[in-house]
Structure formats: C-alpha cells, structure tokens
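Just so it is clear, A, B and C label the chains in written order, and each chain counts residues from 1 on its own.
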Amino acid sequence: MTDSNNSATEDRRSYYFYLIPGAVGFLAIVLIPQIVNFALSFTAWKGVGLPRFVGLQNYLKLLTDVQFWGSMQHTLLFIISMTIIPVMIGLVLAALLFDYVRDEFGETASSIFRAGFYLPQILPVTAAGVLWGWILSPVGVANTVLKAIGLGGLAQNWIGDATFALAAVSLVIVWIQVGYCLVVFMAGLSRIDPALYEAAELDGAGWWQRLITITIPLLAPEIFVVVLTTLIAALKVFAPIFVITAGGPDNATLVPSYLTYFHFFTTQRVGYAASIAVVQTVLTVVLAVIFLRFQASQEGKS
Amino acid sequence: MSDATLTTAPAASGTDDTDYNRPRRSPFRWLVLLLVTFMLLLTLFPFLLAIVNAIKSGVDYARNGPLSIPTSLDFSALVYFWNLSDFGRKLANSTIISLAVSLLGVLISLLNAYAIGIGRVKGSRIFLVVLLLGIMVPQESIVYPLYYMAKATGLYDSQLAVIIVFAVLQSAFGTYLLTSVLRSFPKEIIEAAEMDGANRWQVLWQVVVPVLRPSLMVVGTFFFIWTWNEFLIPLVMLVSNNNQTVAVAMGLTRGQNMSDPTFQAAASLLGIAPTLIFFLIFQRTLTRGVVVGAVK
Amino acid sequence: MSETQIELTNINKHYGTFHALKDINLRIEKGTFVALVGPSGCGKSTLLRSLAGLESISGGAIRIAGEVVNQVPPRKRDVAMVFQSYALYPHMKVAENLTYSLRLRGVSKADARKAAEEIATTTGLTGLLDRYPRELSGGQRQRVAMGRAIIRHPKAFLFDEPLSNLDAALRVQMRKEIRALHDRLGATSVYVTHDQIEAMTMADYVVVMRDGIIEQQGRPLELYDTPANKFVAGFIGSPAMNFVTGTIAASGADVVLDLPDAPVVALGRQADPGRKVLVGLRPEHLSLVPLEQASIKVPVLVVESTGSMTYVTTDTTPQLTLVEQSRSDIKAGDNVGVRIEPHHIHLFDGATEKAI
C-alpha cells in the first residue's frame, strides 16, 4: 500500500541531495575511470592520439607473458609474508600481550607494547623502504650484525641478489604488517568472555592449549577479516617493491602492480597495462565480495 | 579461628591483594616479558638505527660501523639530505595535501553518512557496497584515466588534483564508518529538533555535528595519515620536484647516493620522523578509532 | 460548543502488510486533556506520531485548528512533543535547549533568554539554566523537555509516555505537575500512556485503543461505570474486573453463574432468558457477608492484607478477587459469602463480548 497524503515520505526524498557531492566525486574519480580502463584494455595505445581497438589481443598476450606469470607467482609468495606470517605472529603476540602482559603488568604496559608494534604501520611505506634498503644493503647493518655475531658466512647481497631479493622484501612486509594484525586481534580478544578461560583453566588446560582451543576459534571473525584484507593488500602491493628493488633484480620481485605501472608510464603500452589492471581488479573484486558478504552476515548476527 | 595460609612462598613485590589462594607467581611471566620485549626491540631496532646513524659523521661511521654510538653529533648528513631534496617544501606539500584531504574527505563522508545513516534513503546498501568495492580495487585500475583527465583539464602536476582524488577515495571509507555511527544516533533528538522547527540542514550542523565531533576527529586524523603515506597517485600526478610529497620523495631516493650510509640513514629518519611524531601526539585518538574497528 | 482543535478522520496506517491503524476517527476539543491508552502495540504511539508528522499515514485526514496538515512537515504543524526519553540536546545547556525553537525563528538572544527564565520559573527549573542535560536528574530532564514544548505556545502538546522512565514516587508527583501546567496554560494535550491509572487520574477524556482501533472513548468515569466491552472493562480499574460465564435465568431478571453451586444473582433489570453471557464483577464491588445472607458462597484460597485493605482470592474456576476496605479475620480455606449490588453487575454478550 503506498503512503499517500503525508509529509514524512516526501521529506525523506530531500535527503538524496546530500549524496550528490559524494556520488559525483565517486563517479568522476572511481567509476568512470574504472570503465575507461576496462575499455582501454581492449585497445592498443601509446597515450597520444587515439586508441586502436584490438579486441582480446592484450589478454591473449598476457597468457604467454613470462613477466606477467612471474609477477603472479611472486604475489603468491608475498601472500606468505603479507598474510600468513603476520597473522600467526599477530595471534601469538596478541594472546601474550592481552593475557599475560596485561594481567601481570597492567594495561599501560600492554598498551605501550601494542603501540610499539604498531609503529611500522604508520610510516609511509616508501620511507620504510628507504630505511630497510639501507639496512639490507651489502655494506649495511644486517651484514654487519651477522659478521659481528660470527655468522659472517651468511652475509649476502640481500637486495641485489635475485635469490634473496624476494625474501628481503618479504621481511620488510612482515615488519610492517604484524602491527595491523596485532591491533585487530587484541581488540577482538577484549570481547571474549574471560569466564571461558577460567573454565578451561579449571579443566586443566595450559596456556598453549587455551590459545588453540579457545582463543583462535573465538577470534575466527577477526582472523577472517584480517586474512581477507591482507590478501587484498597482497594483490595490490606496490610501494615496497618500487622503493627497495624496483621489481628486480632480473624481475625477481616483480608484482602485477609494478608491471602495470611499468607499462603505463615507461613503455607506454597503455592498453596492455590496462588489461593487467583489469585482471588485478577482477581478482580483488572476488575477494572483496567475499569480504563484504561476510561483514553483512556478521552484522546480521549482531 | 585462624586459617592456615595457602601460600608457601612470600608474595612477589608489587601485588595489591594478599596472596591467599593465588598460585605462586610463576617465573614464567618474566620469560614472557623478556620475549615480548625482545620482539619489540627487534621491531623498533630500525628506528634506533636510523636515529643513531643520521647524526653520525661519515668518518665516524666508516671507522666504527653502524652499531656504534656516535662519538660526536654531526648533523651534516641531515642537512645535506634536507637541502638536496628540498625537504622543507616536501613537508609543506604533504601537510597541505593531507590537511585538505582530511577536511574535504570528512565533509563528503559526513554528507553521505547523514543521508544514509539518518535519512535512511532507499538504495543505501547498494551505495555503500559500491563505495567500498570502489576503493578496495587496485589504484592501478584508475590511475591512467585520472592521469589523462588531469592533463586534459590542466590540473596535472597540481596539488588540487591529488586533493580531489584522495578526498573522494578516503571518503568512501569515511562514509562507511560514519554511517554506522550515525545509524545509532538517537532518533528522538533529531525528531525533537524537527519539531522545534529545524530543517534538515540545520539539524545536521546544529544538532548532529556537535555531538558527532569526536568521531569526526578520529576519521579526520586517519585521513591525514593515510593521505600522507599515499604513493602511487602522487607519484604519477605530481611530477615536478616542487610539488612532490614526502612519500614520493622517499620513493625516489632509492638509487641516490647509495654508497653514502649516513645519507641513507638521514633520509630514512627524515622520512619517518613526521608521521612518527604525529602518531605519538595523536596516539589517543588513533587507538580509540582503531579499537572501534576503523582499520584500513 | 468549544472549538475542535484536533480532528482525525478515517486514519489508516499500514506497515507493509500489518494494518497498524484501522479507520481511526477522533475529535479533540481545545483546552482538553485526552489520554490515549492501551496495551503495547495497540497503535497509540503510532497515532500520536502521525499527528506530529513524524510518521506517515496511508489514508485519512489530519486537521489541526481546522487546517488539513497531511502535507505539512512536523516543524510547521505548530505542535510540540514531549518524548519518553526526553530527547534533550546533549551539547546545549538547559537554556539553549529551551530556546532552540525560538532561536530558529530568529528571536533575539535577549528575548530568548527572558523567555527561558520565565519558563524556568513555571517548570521549576530556576538556577539550572546553565547546566548541561547530563548534569540533571531524571525529573529535572523531564521538566526541561516540557519547558521546551511550552515555550513555543503550540496549538497542542503531545506526550509520548513521558513518565515511563521515572521511578514510582516521582511519577505520581510529575502526573500532578503535568496536569497543573496544562490547566494553567489552557493547553490542548494528547497524552499517550500504557498505564490506565495515569489516564484515569489525569485526563478529561480517555481513549482506549487495541489492535489499531478505538475500543471506547469518553470521560474516565464513563469508561469505569459503563465499559463498552469486555476489553475496556478489564483494562480500566485496578485490580482488574472479574469475569464469570453465566446464563440468564428463565425469569429474565436473574443470572446463573458458572461457579460451584450455580449461584443465582439478581440483576435488577430484564434480559433475554437463556442467553449466554459474561458477567463482570469489580473486586471493589464484591463484599464479604455472612454465609446465610449471601447468594454466592465460595472457598478462600489466599488472603492478603496491607493493613488498611484486604485482598481475597477465591479457590474457584475462574478465581475471583475481592477487595475490602477494612480488616478481616477470614483465613485461607474458609468458606465465605459474597454479595454484589445488582447495579454493579456488568453483562457482556457471551460471544461478542459487547456490553448488554
């Protein structure tokens, strides 16, 4: 039954005006460029003149592009450093800080620790890159320390050597990401009923057992959120690679984002770069949709 | 009648209550503290390194290595980097851009959230989903058209272009956050204002915003930091030295003076110092926001 | 004939498939205090908010002071609302809360302040004008909410269960203050409550609602003396009316109750012999009498004494409640005689539950 004759629904309509700035901005800055980029992926273009329609040619080229597949492979490897390791470290640290340190040493102590671990998250990634680039350089701190403690044999050209470059960048990424996981997990821990731990303790469960059987299962929502958001970030990672290794050496640390940038602005193969960006976008959207579905179901539960 | 005490060992120092019925404080807790402190030091070690070596003279470094305390304070590396990169200007650029984005972004987020959270307009859910999807996808997929648009409108290499782009991008997340806050805004206060004679615009600015101020500050602070740290779009849009931000300057430092370690340390220190200081000052605001779930 | 201040004609409201208000017709005279009362979900709040313009309606006309206001937004209807949660502006001082509506209209700061001080005197808020809502007690906040409504001199005051959040003692006091204010201002008030005692003690007219319709409207005592149906009879009055099924005797002048020993009670009027009826007996009208003089004899289950009053619950199906305004020495297990004056007996049709 439609609501007629009244003021309340008519009022509602005028709220739409407030969405105009946001909608216009979004259209101009996100939606239209997305569509244009998608269209560009079907063209060959050098950035000047007019794009030339080439159908699926770019995508077909992608299928045989060694650099592209290498970059996807590296993304998978970066998932380890961007998601798996930080989540694990984050869980253990969060449990340690929340359980032990907070109980035994007070809230302030645990807050200080948390802030300290979070510090790498607030830096410009490029600054962190410069910092670590300096530490990991062949004559840098890393090798100096190794020599000083007698492990000089392990000293490497961490960044300049294709075998180790990926690991080096991964280390930087872990350093940056642990803080995010930690903070989210600690926030999640605060909503777990302490009575559950007490019951488990009475039942005879030790610290590690409590972590595995209570903490982690109950933190499942937070873990899911963190895993998903770090996965998405792993797909998009750009700045650390740009700053530390510039995709090298010998494309050892190439990632799709860097490849896209390279083709957009260095080789000027705009259509081709657009197609890589489209692939990235599709993958990200799939993950993002999973994430948003999950968020919606969580809201439904609460 | 006196009960025998249950503790066998004297209480550890620093306890408030008596130790009846508590298990003996295990020495394990010191081990844990040690472990956590060690990890914290590992995490903060790079910062310390940067500080220590940025104020070291080149000679001192060459003789004593990176791990030594400087024998004398030498700011020449810092000064050199500052001048070389025109760091003062970079700082100014970053500050102006981040501040502008912070304000504009909060404004857009507020207007959106007002319509969705309080106005409950139809189609809000889709709007929010589209907004979030739009900013979760890689920036690479919009960077070239934006680059082209900027060139076409003559806004290329201008701070304005970057400000507009990020105000829109950040506001997507800001809308999401503020909407959930406004959804739980007491409806009756708004109705009371309506009955008192306020129109929607007046209700927003005279009733909602004053009450919402803490949330707006949290969102604004986050916007400032996130914008400060942005790299790809400023890299592409701000091509001339005069307009670049700190993050971009840092990104382009690689490859310069690679063999000058104190220079590198100085560059690192200057790159991280602003956000570090900002964080330490605004820590209260930020952790409040982070705990609420506002993590990017 | 005093003028009509508010007129609701054929008001209907649907929430999706739920029919919340069904053809409501109500006329409120200027200067009267009307209570809308009923159980939760009956639609009283919905009706009030529709009157204010905060809810939309699906059909019907709302007139305020003769003007149709269906299309008029709340802020232009010139009615004021006092909310259950007071809805004070937390960031404004009391004075600013009170004068917000004036400032919106462009009244000067000085005039606004003067008005605030007057209202503060009227509502007992002097000295609190520069405090913030969070610094006030529940009762004080309630007064600010009322002051905010009064300062506008609106055409009508709408109250949405304003006393629900207060403790019992404060509620009793505020009831008197609200009514006194209404009288002093000569206002027109519409007061929603679920508490029938509030409605009975405060209102000139009571409107009883259930499931979206008006069951009965009239003066409080009318509803008490001549309820239109079983629902109103059971809703008004505390303790609630007793209901016993029965059949009209062959004589037409008595009713046979479905109680042990099928007591026959005189009606004092004629009714259709053999008709199945529901007999309504108010606890305060049932009196304890010696067994020989009683037409109803019942065993006692529980006796509760408050010192001045005695509540007796009988061990019958259905249980009956009696209230005596005196002490009594009957005990549980006793058999007692009960008597009721014929004119206090309410009859309702066994099937339709309407008053006979």
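Please note the rule applied: contacts are C-beta pairs under 8 Å (C-beta built on N, C-alpha and C of every residue); 3 or more make two chains touch, one makes a residue touch a chain.
Fair warning: this is a prediction, and the values are worked out from it, not measured in the lab.
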item	value
Between the pairs A-B and B-C, the one where more C-beta pairs touch	A-B
Chain of greatest Cα-centre distance to subunit B	C
Closest chain to the centre of mass proxy, which here is the mean CA position	B
Gap in Å, rounded to a whole number, between the CA centres of subunit C and subunit A	61
Computed distance of Cα centres, subunit B from subunit A, in Å	15
Whole-Å separation of chain centres (CA-atom averages), subunit B against subunit C	57
Multi-partner residues of subunit A (each touching 2 or more other chains)	11
Touching two or more other chains - residue numbers and ranges from subunit B	none
For subunit C, residues that touch 2 or more chains besides their own	54, 73-74
Interface residues, subunit C side, partner subunit B - complex	52, 54, 73-76, 79-81, 83-85, 87-91, 100-101, 104-105, 148, 152
Footprint of subunit C on subunit B - complex, ascending	186, 188-189, 191-199, 202, 206-207, 210-211
Of all residues in subunit B, those that touch subunit A in their complex	25, 29, 32-33, 35-36, 39-40, 43-44, 46-47, 49-50, 65-67, 107-109, 111-112, 114-116, 118-121, 127, 129-149, 164-165, 167-169, 171-172, 175, 200, 204, 225, 228-229, 231-232, 236, 246-248, 250-251, 253-255, 258-259, 261, 264-265, 267-268, 271-272, 275-276, 278-279, 283, 287, 290-291, 293, 295-296
In the complex with subunit B, residue positions of subunit A that touch it	11-12, 14-19, 21-23, 25-26, 28-34, 36-37, 40, 47, 93, 96-97, 100-101, 104-105, 111, 113-117, 119-120, 122-135, 137, 139-141, 144-145, 148, 175, 178-180, 183-184, 187, 190, 229, 232, 235-236, 238-239, 242-244, 246, 256-257, 260-261, 264-265, 270, 273-274, 276-278, 280-281, 284-285, 288-289, 291-292
